[in-house]
Amino acid sequence: MSELVPASGAASGKGGPRRHDAFGASGSGDTSGFGGLVRNPPVLASTPRPFGDTDADNVYDALERSFPQLTDALERVVVDRGELTLHVRRGHLLSVAQILRDDPSLRFELLSGVSGADYPDDPTGRRLHAVYHLMSMTWRRRVRVEVSLADDDPVVPSVMDVWPTADWHERETYDLFGIVFSGRDGLLRIMMPDDWVGHPQRKDYPLGGVPVDYKGAQVPAPDTRRSYS
Amino acid sequence: MTQASDTSAAFTAPAGSRASAGPPVDDVPAYGDAYEAGFTESAGGRVYTVTGGDWEQVLGGEDYSERLTVNMGPQHPSTHGVLRLVLEIEGETVTRTQVVIGYLHTGIEKSCEFRTWTQAVTFLTRADYLAPLFNETAYCLAVEKLLGVTDEIPERATIIRVLVMELQRIASHLVWLATGAMEIGATTGMIFGFREREKILDLLETITGLRMNHAYVRPGGLAQDLPDGVVPDIRAFLLDMPKRIKEYHALLSGQPIWKGRMVDVNYIDAASCIALGVTGPVLRAAGLEWDLRKTMPYCGYETYEFDVPTSLDADSYARYLVRLEEMGESLKIVEQCLDRLKPGPVMVADKKIAWPAQLSIGTDGMGNSLDHIRKIMGTSMEALIHHFKLVTEGFRVPAGQVYTAVESPRGELAYHVVSDGGTRPYRVHVREPSFVNLQAVPAMTEGGQVADVIVGVASVDPVLGGVDR
Amino acid sequence: MNPANYLILAGLLFTIGAVGVLLRRNAIVVFMCIELMLNAANLTLVTFSRINGTLDGQIIAFFVMVVAAAEVVIGLAIILTIFRTRRSASVDDVNLLKY
Amino acid sequence: MSTQILVQAAGEFTRTSTGEAATFWVLAPVAVLAALGMVLARNAVHGALLLVVNLFCLAVFYLLQDAPFLGFVQIIVYTGAIMVLFLFVLMLVGVDSSDSLVETLRGQRVTAIVLGIGFAGLLVFPIGGVIEGTTAAGLTAANDGGNIQAIARLLFTDYVLAFEIVSALLIIAAVGAMILGHRERVDGKVTQKEMLRRRFAAGGRVTPIPGPAVYARPQAAGVPSVPSELPGGSAGPGETPPYGGGFPDSGVGADPADVEGDNGSGAQDDKNPHPVGAGKGTNR
Amino acid sequence: MSYAPSFAPVLAASAGDPDLSVFGDDPFWLILLKAVAVFAFLLLTTLFAIVFERKVVARMQQRVGPNRHGPKGWLQSLADGVKLMLKEDIIPVLADRPVFILAPIVSAIPAFLAFAVIPFGPEVSIFGEHTTLQLADLPVSVLFVLAASSLGVYGLILSGWASGSTYPLLGSLRSAAQIISYEVAMGLSFVAVFLNSGTLSTSGIVEGQSHWWNVVLVPSFIIYCIAMVGETNRTPFDLPEAEGELVGGFHTEYSSIKFAFFFLAEYINTVTVSAVATTLFLGGWQPPPIPFLSHFDTGWFPVIWFVLKLLLFLFVFIWLRGTLPRLRYDQFMAFGWKVLIPVGLVWLLAVATFKVYRENVTDRTPWLIGFGIATGILLIITIIDPGARRHQERLEAAERERISNAPSLDRIPWPPPATVANRPSPATGPNRPSSATVIVAGGPRQES
């Protein structure tokens, strides 16, 4: 799960615990010797500063300079695999976005995309995450902004005023995840038919099984088949 | 309108009252309000309203003028698949363009979550079906970044990736040229474009085994090495193609009608492009030499010699020229790739990731080599088990999320991949350039003529398989 | 056959046109009825030309055609203008112009 | 048939030939029926087509009466240009502009028909009585040297003044039509480039307006899309959303009666005057 | 021959017109034979033209083209025709049925009509009867051609209107406007021909084209060639059907035999306008003015010349289709009204002047001198071209300004004006070397 950064993790790059992590099923009575390999349980944590990544440190410093209430706005800051993720509280999203776009030492001109992710087991209980990928063309770097939302209050302010391109991205995220972007118009389904029920990309939205023309057999839906995780 | 079907149960006031207003449209408020998203506080809690429009709102509320609503698509010869454009025209002038997508939504992103990391490639390759290798590469780069093996990918694999991607870029631009020319009525342009694309598809078929949807690039490397004898074929193509590009210039570039249809048509400047998130040739034709291969290199692009063609005109003709130039630049890169190719592995050495099979081309296409089968069946039970488990169960990828972008023929193609540490992707999101770029179509077409809409859509070069995913 | 039968035919056509002008209220149809009347007149002109053995009738018929073309162009333009503002091509609505 | 015979034949031109008679008796009823049809046709386009038939018949009559130039000009000018213009305007105006059948003046229709029949009688019977035994001089002499040449000679000698006046009239008519048809634009024609600049300068919505809702149920206009799984609402009475979109049922909108009120009266307009973002003066 | 007395004056020989009495002489069976022959010729030419077009275009596009049905694929159009007949005939619910059915017929019949006045050759002997190879001639036969083409318009307009859907309506609106405006240009080029030959009879025009004066008609010929492509809705002027924009334009909703009628009408129209062009401008059946060939102008030889010239035009039609994209509607109308018609008018004046000069002026010297002086002045103005340099400078300055304001990696544009002041200067921004090339406006970069 994305915000659950491995305590000692693949972020370090080569080798490390990845090898333990990469292969084998647990509890399957596997006799190959590969199963049951150790996997470090993830924890919910911020990456301590300095991040050890120049770009990420620069972005954070600049943000701190021009946005005094930063500690209020941010829940966590994660640097993983060289990518900076700012977990922003919903109420501060617009102001953070404005700073990210306009500050000369940040200048994230381009919103690459808005997408969502659904973590039903999120320890904070806010399973829906709206994920914004920003790119600074001037400084050639990217940053990820993430907002966690609860299932029963899936509202996040729209960033369409800051980056007009967010329009369709937000519509898609609304369509597939049910995240409502407020303060904008035309938040309509874009991928699914407009009378569709439910939001298909949520984890509890199943794929259907397929009936087979052989003695009434039914291929089970993919998510009801065996899985290894 | 009193027919309160079960579906309308959830309407809140604005929607319902508008519905009851019916045809007399005098009091219908400004068009935009119909789409306001909002909420009301009520006894049971907060009620969110997400309303939509209907033909009533599309057509009504307007005072009379000689406007006609033309529903262009989703079945229309010039909409690149199943794009739907709802045009409001006044005479021949377009006053409003609405872009409707979703007719090809196949749920690729969702499907990926139910297959192994490797199998997801075969879904994603079908998203942008004109540039499948870019999808594969971008996704595999993401998975490799998650795995932390980015630096362990063999050089030969990376070079071949670049090679096939650049060939594909030419092929994709050729399809754009062909379809764009066809839509303007230049049938010969169409045949010319598809003629050369066919050659590239032949090359790619030789390399990957398939003309489209290759599933050639895999996490960790490639499905297989270059087959014997393909390098001379590519070299022959490299010799031939520049002449063909000259032919396109001769047939189309200077032609008064061609220029008349494209020059100063569908203008969109760089600032507007960035505001709308538009990348790729459209942005470069607006003057900004933004090309991820140069600006945020991946796959070792920083080591190749090539130029980024730009133009300042920001119209359809500039996009046409930029794409033609890009084909030439891609040829240069392909040539450098061929020069750099050295024998070596094409898959990461880590046997926990690398596909266990030693693939060879058998009589039935791609398959396991007999030696390998003999070895694992006869001598090593563990190898057989390993093979079995890796293929059926797949490898695990450490938890985390990454975002990798490549420069596809249409712009920034990026993958946001989340892993929960399991053998399946937890979430795969495709940042599709066609999807984003299509948002610019209204800005590019409103105020132009009906025929310009066709040119405009063609100049964006959307691939609906990628738009809808 | 007596060439003067043409005259009777022309008279009939003229009457039909005139009745049409009285009956119909679609301005464009009224206009077409007027065209019919003009053509009936033309037929008499051509017939008289033949009966009298001179070409003057044909010449005048020619002029009538030219004038008819001019009249149609202007008339249709007026109808279109009214249609734009009134959303109707009925002659009943044209009287609103005076207000 | 040689010229000699023709000259002889010219002497017999007091009466018309059987061929002409046959043509006349075939086409004259057609012309009358087409004219009647034009007046009676409910659909204006059908009326225009019938008028074309009528004009075509007249063109043939011109040909029969030694006026080949006029005959073809009739086809070219009337059917080829004038009637095309009529059809063009009919298409622009739209099909639904056909007549209403309501009489606005009482008795107008009957009066018109009676007057029409009377007028026809006045025209036809006296003419029929007077012309009995009329003979035609024929145009053989006048057309000597060719019909076109003869007409041209007359046009540019005796009628040259009228010709010039008529040509001036044509030009005036063309200019007049242009002025009438031209719509005054305050700021000239807005090009695509200009519209793009305004679009981004205004700070309004620059991205596409959502498309119309194709699946909205019922099909009638005015029913918004995204009907059944609005956040906060259930899928409808007695139905729960099957999958993930389930928000806790707010209770509002789940009651059918409530909905009926919503749709029927529109009285709840005031209930929700301020959706989120309205205060911000957002995109539109 | 019951019409003979009434038409006799029409057909009478006259000073200005050629002797048309020969047409009055034909026995009934010969007229019938000629009518059937013309009909058969048109049908066969259509069948041929379709395969010819597909084969020639295929050659131009380096592919094979139809090669399955009949010897080398030459029966392809027959197969197409049979296929079309067997297709389901669909009439849309919203269509106006009678008009919808009438329209294809209306568009096909006038296409055949015009060919009645086209001369295939001079006098020949058929079964002992002397007759010209022409179904009929009138003193006004060119007007007859125009009349037939103006009737053909109805097919397109009505089909679009009657289909009851948007694209056909747009298509028929376009075709109405298109045909009306291009008929004007066409008529102007015809008038030049009338002026030059002094007659409206097709056979007379052909007869009169044996001398070199015809060169004055070259501009009119070019205007006619352009207008005829517009008249027949062929590429690059195929806006009423424009499958890129209007799907199929006026015939979108048509299928089966009705569609076949439109197809037939289009090709017959193509043949007809080619025949008219041959007749009015290229000397019809007369042999080309090459010394050796010009003797073959009697008997049946002229038919060969006629057909060869016709094929030449057909080939040009196909060539255009293989080369050119479609114009946009406004460009097309602007071209018609702003270029073709003014040029046609001016040239009409020139032809009239030339005619008067040729017939009435005896002392030519002062005329020639005046003409020379006028040409010289025009030439000098063209060469000196005052104001060109200033214009060029202004253009260059604008171009320089544009390039200096162009966005680049050091100046990434961003819309909000409030942030303009905050933009990082190139010095503080990451100053990576860029290897961009700029395509100069208006043309491809010659080398990269």
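Residue numbering begins at 1 within each chain, and the chains themselves are lettered A, B, C, D and E in the order written.
Everything below uses one rule, namely that a residue touches a chain if its C-beta (ideal position, glycine included) is under 8 Å from a C-beta of that chain, and two chains touch if they have at least 3 such contacts.
Small disclaimer: the values here were computed from a predicted structure and weren't measured.
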- line: The chains touching both subunit A and subunit E are B, D
- request: Using mean Cα positions as chain centres, tell me which chain lies farthest from subunit A.
  value: C
- line: More Cb-Cb contact pairs, comparing A-B against B-E, go to A-B
Statement: Distance in whole angstrom between the CA centres of subunit B and subunit E is 42
Message: Counting only Cα atoms for the centres, state how far subunit A is from subunit D in Å.
response: 59
- prompt: With chain centres defined as C-alpha means, what is the inter-centre distance between subunit D and subunit E in Å?
  reply: 28
Message: With centres defined as the mean C-alpha position, give me the subunit B-subunit C separation in Å.
response: 62
Field: Residues of subunit E engaged with two or more neighbouring chains
entry: 409, 412, 414-415, 432
- request: Could you list the positions in subunit D whose residues touch two or more of the other chains?
  value: 16, 20, 66, 69, 73, 81, 85, 90, 92, 138-139, 143, 200, 205-210, 213, 216-217, 225-229, 231, 235, 248, 276-277, 283-284
- line: Contacts with two or more other chains occur in subunit C at residues 84
Query: Along subunit A, where are the residues that touch subunit D in the complex?
result: 151-152, 154-155, 158, 160-161, 164-165, 167-168, 171, 178, 180, 182-186, 188-190, 193-200, 202-206
- prompt: Along subunit D, where are the residues that touch subunit E in the complex?
  reply: 1-3, 6, 9-10, 12, 16-20, 22-23, 43, 45-46, 49, 52, 63-64, 66, 68-69, 72-73, 75-76, 79-81, 84-85, 87-88, 90-92, 138-140, 143-149, 200
Query: For subunit B, which residues are in contact with subunit E within the complex?
result: 68, 70-71, 76-78, 92, 181-189, 191-192, 195, 249, 251-255, 257-258, 260-261, 263, 269-272, 274-275, 286-290, 294-295, 306-313, 318, 321-322, 324-325, 328-329, 449-454
- request: Could you pull out which subunit E residues touch subunit D in their complex?
  value: 2-10, 12-17, 21, 24-25, 96, 98-99, 102, 138-140, 143-144, 146-147, 149-151, 153-154, 157-158, 160-161, 169, 172-173, 176-177, 179-180, 183, 200, 415
Field: Residues of subunit E defined as touching subunit B within the complex
entry: 57, 60-63, 166-167, 170, 235-236, 238, 242-245, 247, 321-331, 402-403, 406-409, 412-415, 432, 434-439, 441-445, 448
